[in-house]
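One chain, subunit A, links the two complexes that follow: it is found with subunit B in the first and with subunit C in the second.
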Partner chain A sequence: MAAKLIQVATETVTSAVSSVILTGIDSDDVYMLAITNMDSSNTTAGSYHYPYIRFTESGTPNTTTNYHATGKLLYSGGTFLNIVNTSNDDIQLNLVHVGTGTNQTVQGIYYIYNAYNSSEFTFCTIEGVGISSSTADKLYGGQGGAVLIQTTQVDGVELSWSSSQTITSGTFTLYKVI
Partner chain B sequence: MSKYGYIGKESDIPQQAFKSNAGVLSVNEISNLANESKWTVANSDLVLLSTMDFENVSTLSVGLPTGYDTHILMFNEFSPIADNTQLQARFIINGSINTSSKYSYHTLRNDDSNNTYSLVSTTSSMVLFNATSSQIKYSGGWNMMIHGAANDTVIPKCSWTGVSVDANGDTLSFDGDGMFSDGGTGTTPTRTRQEAIHFFQNSNNISGHLKVFGVYKP
Partner chain C sequence: MSNLRLINETELTSGVSSFSVTDIFTEDFDIYKVVLSDWVSSNGYWYLRPLNSSGSAITSGNDFATLLVQSHTTFVEYRGTNTASLWATSNICYSNGNNGVYYFINPYSTSSYTFVLGQDAGFGFGNNLNTKNIGVQKTLTRVTGIQITQQSGGTFTSGKVKTYGLRVDS
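Entry: the complex of A and B
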């Protein structure tokens, strides 16, 4: 049987928004979220902020402090770092974005498991890459995983930046793996 | 009515074939066509090779058919049945499980208590997937890519990523001991077609769901 990545939702941001919500998870299949060229309103070189993800239920982001994440931050300018988030109200996507220049954006692929099953926790694996530039371009890669410790039916994701930054550009697509 | 991107009587709707028309298909229509084997695969497509639902089994053998450079295994709701177990795998060659001590792997685990665990071997009789076995893990899911298994001239290689939480046996819970992310790579230096991969625990059984995809050989 032919298999597909079926696009269930996509949004391309061309003017600033506070967040992007993609819904359409409607089965127990594995889903894949692709983030391309996610940029922010940050204009302060050297200021750290991060892309965040929350899961949605009936289209509304779950803001409870039931998110846990862990992984490795790989850094071209030095040694790797451990990333640990416990009982947060969102998932830090393990990627640092600092830069204010062109192409200093975040990319990533995230596989989402057990989201639609209301008897299971919702999990995701994290793989991403971003560039910061306080003095020179530096590359950050993230690899890890996260979980929402709640047995609720998840139907999508919300993406945003930390520090009240807005999303100024980017393409966000949610696929069903069938 | 509208079906497969066309408006009109059902008898007028053409058969869908790859690039043969420009109908605009909905997600469900593509899914329906795929399920009816009417959605033709392009040379670069993923192909769903098999699905497996397994409950309380001691081993799991997954076929790796020829014609694909890479096989992708997607597990979800994967869970060990008992405490303190560790997932392992070997390849199957000519109908026999390869138990030679020629497997190499490096597996890495991070937890949300800021610990890192690593296991490495170049003389193992199997590939190990999780770098600790001291706690029960309820895995949300993991992906594994196997490269070159269906080719008898290259060395097979695999890589994986996964995410899991502590649990009470196979009963879903979160007991405060944390969650884990795993990644790793493995290989065995055998330039032989690997017919299947054989999963097993160091003790006790596993449950879960699996989809196996093939990436078409160009």
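Entry: the complex of A and C
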């Protein structure tokens, strides 16, 4: 029998915002974050920026440099890259260049573990896919995992873009897995 | 009630070389979870194609990237652009079985690309072979199903597909 997913929070962006915060993590259950059609305000083809996630505590993003993330960046246009980020102040989700085209968006599924448990680190798995504009709609996607090495009580997530890009579209939904 | 809704459960007939599951993606959901289990074949590789609303395979505009992680030798990268399938030569379906979970995003939309991501685990001939996969269908064709086909004339002996829709309550 498949696990039940109970929606905790959702937000659909239709006009530009600097970030999206979803809260509602209130138990030691596993949570799942689904992202669809996340686009940015970028207007320069080939410019490099990336979507990221931070965990929130009492609704406030944790901006400490206690995030570590590793994985593999799959790429339809060339050699795959290793992702190794230590002591960052965020978790890079897909490491994609997202460009100016209509369908150059980001999608992803992320499972979050131990978030509400204040005696454990918070972990998440990373599975994302997106389109770059740098060279003719190339496909990117990060596969890996990340951890916040703090024993704090996490109650949600913040989604945003690097390089001061705003979120211009996207649906962001947080589910509890039971 | 769970936001994850079971839509379809299908099991193939042993001996077929190609297997389609039609009319599983509709306007009701934007995200679908497709669980493949107990896939066993006489050959090593299979590929996946999206199906249009007529049940025909969409054989252009598919890009993919797959990392094959395996226990007996070095990992292998597969990639392709504008290919006839989402995974041309990369997924393993050996004699001891292959199982995986894939997410299809925006398949029914004709204004957004159909994105796919997922992973699977398999074992055959004494080796553990697993893949990490991403793909996109870029023709803006409505995708309503999937087709899984063996390469090189092989046949499947078993295989199940469970499809779930992931509901978003606004």
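Note that the second predicted complex is superposed on the first by the 174 of 178 C-alpha atoms of A that agree within 3 Å, B and C clash if a C-alpha of one lies under 4 Å from a C-alpha of the other, contacts with A are read in each partner's own complex, and residues count from 1 in each chain.
The criterion applied here is as follows: a residue touches a chain if its C-beta (ideal position, glycine included) is under 8 Å from a C-beta of that chain, and two chains touch if they have at least 3 such contacts.
The shown structure was predicted, so the numbers you read here are calculated from the model rather than taken from an experiment.
K.L.:
On subunit A, do subunit B and subunit C fit together or clash when superposed?
P.N.:
On the superposed model, which is not a single observed complex, subunit B and subunit C clash.
K.L.:
Classify the contacts of A:E127 with the two partner chains as first (subunit B alone), second (subunit C alone), both, or neither.
P.N.:
Both subunit B and subunit C are touched by A:E127.
K.L.:
In the overlaid three-chain picture, which partner chain does A:Q7 touch, first (subunit B) or second (subunit C), both, or neither?
P.N.:
Both partners, subunit B and subunit C.
K.L.:
With both complexes overlaid on chain A, does A:K72 touch subunit B (first), subunit C (second), both or neither?
P.N.:
After superposition on chain A, A:K72 lies in contact with both partners, subunit B and subunit C.
K.L.:
So, does A:G145 touch the first partner subunit B, the second partner subunit C, both, or neither?
P.N.:
It touches subunit B, and subunit C stays clear.
K.L.:
With the two structures laid over each other on chain A, which partner does A:T36 touch: subunit B (first), subunit C (second), both, or neither?
P.N.:
In the superposition, A:T36 touches subunit C alone.
K.L.:
Kindly classify A:I109 by the partners it touches after superposition: subunit B alone (first), subunit C alone (second), both, or neither?
P.N.:
second
K.L.:
Name the stretch of subunit B, from among 109-117, 127-135 or 181-189, that runs into subunit C once the two structures are superposed.
P.N.:
Once both complexes are placed on chain A, subunit B clashes with subunit C in 181-189.
K.L.:
If you lay the two complexes on top of each other, which residues of subunit A touch subunit B in one and subunit C in the other?
P.N.:
2-7, 72, 127, 143
K.L.:
For a test of understanding, state which residues of subunit A touch subunit B in their complex under the given definition.
P.N.:
1-8, 24, 28, 30, 68-72, 82-86, 111, 113-114, 117, 119-127, 143-147, 149, 151, 176-178
K.L.:
Any idea which subunit C residues touch subunit A in the complex?
P.N.:
So the residues of subunit C touching subunit A come out as 2-4, 6, 30-31, 35, 63-67, 77, 79-81, 103, 105-106, 111-113, 115-119, 132-136, 138, 162, 164, 166-170.
K.L.:
Note which residues of subunit A are touching subunit C in the complex, please.
P.N.:
2-7, 10, 12, 34, 36-37, 72, 74-80, 102-103, 105, 107-109, 127-131, 137-141, 143, 171, 173, 175
K.L.:
So in the complex, the part of subunit B that touches subunit A is made up of which residues?
P.N.:
Touch list, subunit B to subunit A: 27, 30-31, 34-35, 37, 39-41, 45-48, 74, 76-77, 108, 110-114, 116, 138-143, 161-165, 172, 174, 178-183, 211, 213.
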